[in-house]
Amino acid sequence: MDEKYKDGYVEKNYMEAFDGSGEEIGEEVLNYFEELFSLEMPLGRMMKMMPGMFKYAKRGKKYRKNLMNFAPEMMPMMKDAIKDAVGLGNKEERGV
Amino acid sequence: MHKLDKLSGIREEIVADIPIPEEIFYFQSCVASNKYPGIESCTLDVLNKLGVKPFVSEDQTCCGGFVTFANVAAPTASMPAVARNISLAEEEGLDICAVCNGCWTFLNEFGHFMNGNDEVKESVNMMLNMMGREYKGESNIFHIGAMLYKLKDRIAENVERPLEGLKFATHYGCHYLGGGKYGAIDDAQHPSFIQELVEIMGGENVDYTASGECCGTGFTQVINDKEKSLDHSQMKLESVRDEADPDFVIVLCPYCLSQLDRMQQQLDYRRDVKLDIPIIHITQLAGLALGLPKERLAFDAHIGGQDRFKKALNKIGIDY
Amino acid sequence: MSKKALVIGGGIAGINAAVELANNDKLVILVEKNGELGGNVNDMAATFPELDEAQPLLDEQKSKVEDNENIDIKFNSEVISVSGKAGDFKVEINEDGNTVAEEVGAIIVATGFNYMEPNDYSEYGYSRLDNVVTSQEYERMVMNGDIKKYSNSNVVFVHCVGSRDRVKGYRYCSKICCTYSAKHALLLKQEVPSANAFVFYIDIRALGKGYEEFIRDAIEDYGVRYIRGRVSKVINKEDTLLVKAENSLIGNPVELNADLVVLASAMEPQKDSKELAEILGIETDDYGFYKEAQSNMEPVKSSKEGIFLAGSCTAPLEIRESVAMGKAAASESLSFLG
Amino acid sequence: MLEKANDWSDTFYDKWKPIAMGFVNGAEKCLQCGKCTGQCPAAAVNPSYNPRKIIYDLVNGNIKRVLSSVELWQCFFCSGCFATCPVDINFPFFVFMLRLGAMSQGFGWEDVKQLEKYAEKDYLQDGITVSPEERNPYVIEERGDIADIRQKAGMPRQREVSDEAIAEINMISDLSGMTNFMKKIGGVELYDCSKCTPKIEEKCKSKELPKKVGNVKTHYRFYNYGVPIGGADNA
Amino acid sequence: MLYKIGSDQKKNRILQKIKSSGNDNLNQCLQCYKCGGMCQKSDKFDYTPRQILEQIIDGLEESILNSRAIWICETCNECKIDCPVAINFKKIMASLREIAREEGIEPNTEEVNRKFVKKAHCPKKEDD
């Protein structure tokens, strides 16, 4: 029998492996999933997307053309994201 | 002998609404193109012979199912890739035909999911618009097994090399019948559509106890925990060898093919289990019956069961 | 108000309803679909929990009906149309081809149930494998002695085939499979002591008088092995059947080579229960069982006045309760008979 | 194995369902009947793997035991349980989602590390997950080079994926955060089996854990669902 | 791990030994786990008392004889007092320990109950 599984090694250690109670761990995992599956476009996420777009644009002319005709669609999204982030939008709507 | 007449679980209503197209988008599978090219060449020739022109596009990448379910790519990362692949077929206005259980289930599952969930479709299309593509979600995804079953009358007319005297066992794989149980043409527990095709082509069906079991890859277990995957494959292959002793085992998915094929050598090397079972894909079965030449069948890409290949193919007139 | 009553269905519930009405010197028309009375009890070898012979008991009930001149039994017949209201219904009955018109004061529906054919359960291979039978066929095997050939072999009884299943079956629990599976195991052990009996259950529901002791006797005295876990697959090996399940009290999967697999299939309403409901103008629930007026306070009244329900056409029931319901329906319908 | 029930988070499953966009639903309908474990190929070969127990723990909120368990990573993904389940629970999707949750808590990285090569080197660089390169020496000399077989079959020596497609999937991977997700893990670099030495074999087989993944501290997993009789040696 | 059942109970060595040692009401066990709930050492067990009973009936010798429970059991017999069918669990554990000793299976736990450690000088027979 492996040394690791003698007397209560499992109970002691898997409790210590988590630093927090069941509720906290549940919250953490839920926040992780929330952020993983979130569909809104906050400014932070858009910033993270920038390097990917530049790398794509660097690859060649026709890729830059694709990004160009995507630009008109991106502009309104950028405006909302910046407005949300900077907080220029009306306060009640964002429930501040 | 397989009791076919007693109870066939084929779902006629699903078979009925599979269209017989003139042209179809052939979705290249990664294991097929890089490990078993016979599947690709047979599919192209068989579809051409049956009057369906396959359209192959170099822009089509891997379905991304393996990297997603191996937890390296989150679903939000692979859903746009699936939408991108499906949008290639939509540009040509074609339906997609996949040769692998994994590709079919993955494209189908996420395809239906995106159609059902509008915000997801919007956010996916936002990413695809950057590349000048757009996912509309019109083209449906069919499995090559379902297409061959739908074209079984044409197969019957075009059989040039009847498979007399050859014994065929089947392994249906898990994802097409089990995972996609609401889209598949046959019942998951007692499938019989390959047996019908074999009878049309003149072969004889043999059955074995572990025919419903998984092939043993466990999707990533063969990489992460090879012993357990070998245990299961050994149980299955020994059941095939002892009870059915077939000339060929027909599979629906190249990943099952690679597992059952290569594990014979691993089992011989690691556990001294002597197995000599030829494993072929359903498209290679169709290629065999429709008289494709030896090179197009590409059986020399297979690892296990080479002597049995020689014996069986010589029996029907191919000097292998 | 007409003095006659109509009883649809000659099973155990219908028989008792007819006898009660006849003993109160009312005239009864008993409409029976098949050629003989008794319904599902005809296929029964023994009853539970006393395990005494079922057929003599049934013959005694049948003779009560046949010798009673107040009861006019119509075999191979069915009701075509019903009109009018409580107290004087006008009924047309198709008896062996020719239609007969009758005037009745009250109608008692006792059409009973039938065992579901588990063909959708291809994992059990019901009509595909030879040694996989339903509980009804097993009872017939016991009656005509086919069971003797299973000496020192394994017989497996599978619970909940078709019931408690949202995907291919019905969501309700058929109530008596737990008890009659124990009865089947006991019949097997008495007939063939050398056979091993295995019962795969999810939870034992002994919902009647003396049923729990009955099942515990089967486990303790007769050595029937009860394993908690629903059977996942029955696979056809060369000559035996490989039964795969999980012993969920330990958590390990289990394999067993069985020679006979008995499926306790669900009790579903009769195939034509919905049509008959339209003819009578009464409501059914979405499975096809007839709906009581009020499930607790008026279990015997149907949704239409003057029409009463008896037996397992309302829900899966054992004999004892069908008989009680038959008698209750008879007594309640008296007020409508002149 | 003491069940510290007060340590369960019983609202986890209900809150989780809407977040996971409908990928996971139906576990609350579970009858605990064991039909899935009966036919499960993984439960037949693994000493303590039991899908029914995993669903039970998830619905009751004992997520600490699920996320830190080795058994969660032993599923064969064959969806036989989804095919036979009387209440249609798509268990492989639950395992897939729970594995994502376990990775967020630092478990399971030794397995994902071995698979990361297929995503970074093969999928993103040449667009195909399974590369033609062979590592099994028997296959290399017995079967020979796949490119010759493809040529004999009258097909191009190598399946080409257009660089436009590769550019696009790379952009998708960057946009969706998959690239930096993989950078954190750092895949196992695979050795050439024909030039194998005991030292290389030991390193190749060992499943040492990445020290940290991003800011997530990594842990080894535990056999939480039963004593590993005979299974402990490769724990 | 998958295990096979169906061979008749005569070949089940452990069951026969337990039956011969006096408690043959093993199949009366309702699997209701009243015994484990009140047992003082049940948090240290790897298998709950009722799981051990179930495995005895099925003949899973390897997992019973390797389990920690048989060595940690305090033999206080409180479980027999509360058990609805009065299964003498203490005797069952005793015969399991005897079989484990005959087989020479080392207890895989440090917390072996002092009662079972036979001292060289101590003539007392174990358990009574």
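Chains here go by letter, A, B, C, D and E, matching the order in which they are written, and residues are numbered from 1 within each.
Simple rule for what comes next: a contact is a pair of C-beta atoms (placed from the backbone, for glycine too) under 8 Å apart; a residue touches a chain by one contact, two chains touch by 3 or more.
Small disclaimer: the values here were computed from a predicted structure and weren't measured.
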Determine the set of chains touching subunit A that also touch subunit E. D
Of the other chains, whose C-alpha centre is the longest way from the centre of subunit B? E
Please name the chain that ends up farthest from subunit C once chain centres are defined by their CA atoms averaged. A
From the C-alpha centre of subunit A to that of subunit D, how far is it in Å? 22
Determine the centre-to-centre distance between subunit A and subunit C, using the mean Cα coordinates as centres, and give it in whole Å. 59
If you average the Cα atoms of subunit B and of subunit C to get two centres, how far apart are those centres in Å? 46
Distance from the mean Cα position of subunit E to that of subunit D, given in whole angstrom: 38
Check: subunit C positions touching at least 2 other chains come out as 123, 228, 233, 247, 252-254
Which parts of subunit D, given as residue numbers and ranges, touch two or more other chains? 1-2, 21, 43-46, 84, 100, 164, 168, 171, 173, 175, 177, 226-227
If you look at subunit E, which of its residues touch at least two other chains? 1-2, 43, 66, 68
In their complex, what parts of subunit E are in touch with subunit D? 1-2, 43, 46-47, 62-63, 66-68
Interfacial residue positions of subunit D with respect to subunit E in the complex: 1-2, 43-47, 226-227, 229-231
Over in the complex, which subunit D residues touch subunit B? Could you list them? 21-23, 41-42, 44-46, 73-80, 82-84, 92, 96, 99-100, 103, 108, 111-112, 114-116, 118-119, 123, 127-132, 136, 138-139, 142-144, 146, 149-150, 152-155, 159-162, 164-166, 168-169, 171-173, 175-178, 181-182, 185, 234
Complex contacts: residues of subunit D adjacent to subunit C: 29, 31-40, 43-44, 48, 50, 52-53, 84-88, 225-226
Can you list the residues on subunit D that touch subunit A in the complex? 1-2, 4, 7-9, 11-12, 15-16, 19-21, 61-65, 67-68, 97, 100-101, 104-107, 163-164, 167-168, 170-171, 173-175, 177, 179, 219, 222-224, 227-228, 232-233, 235
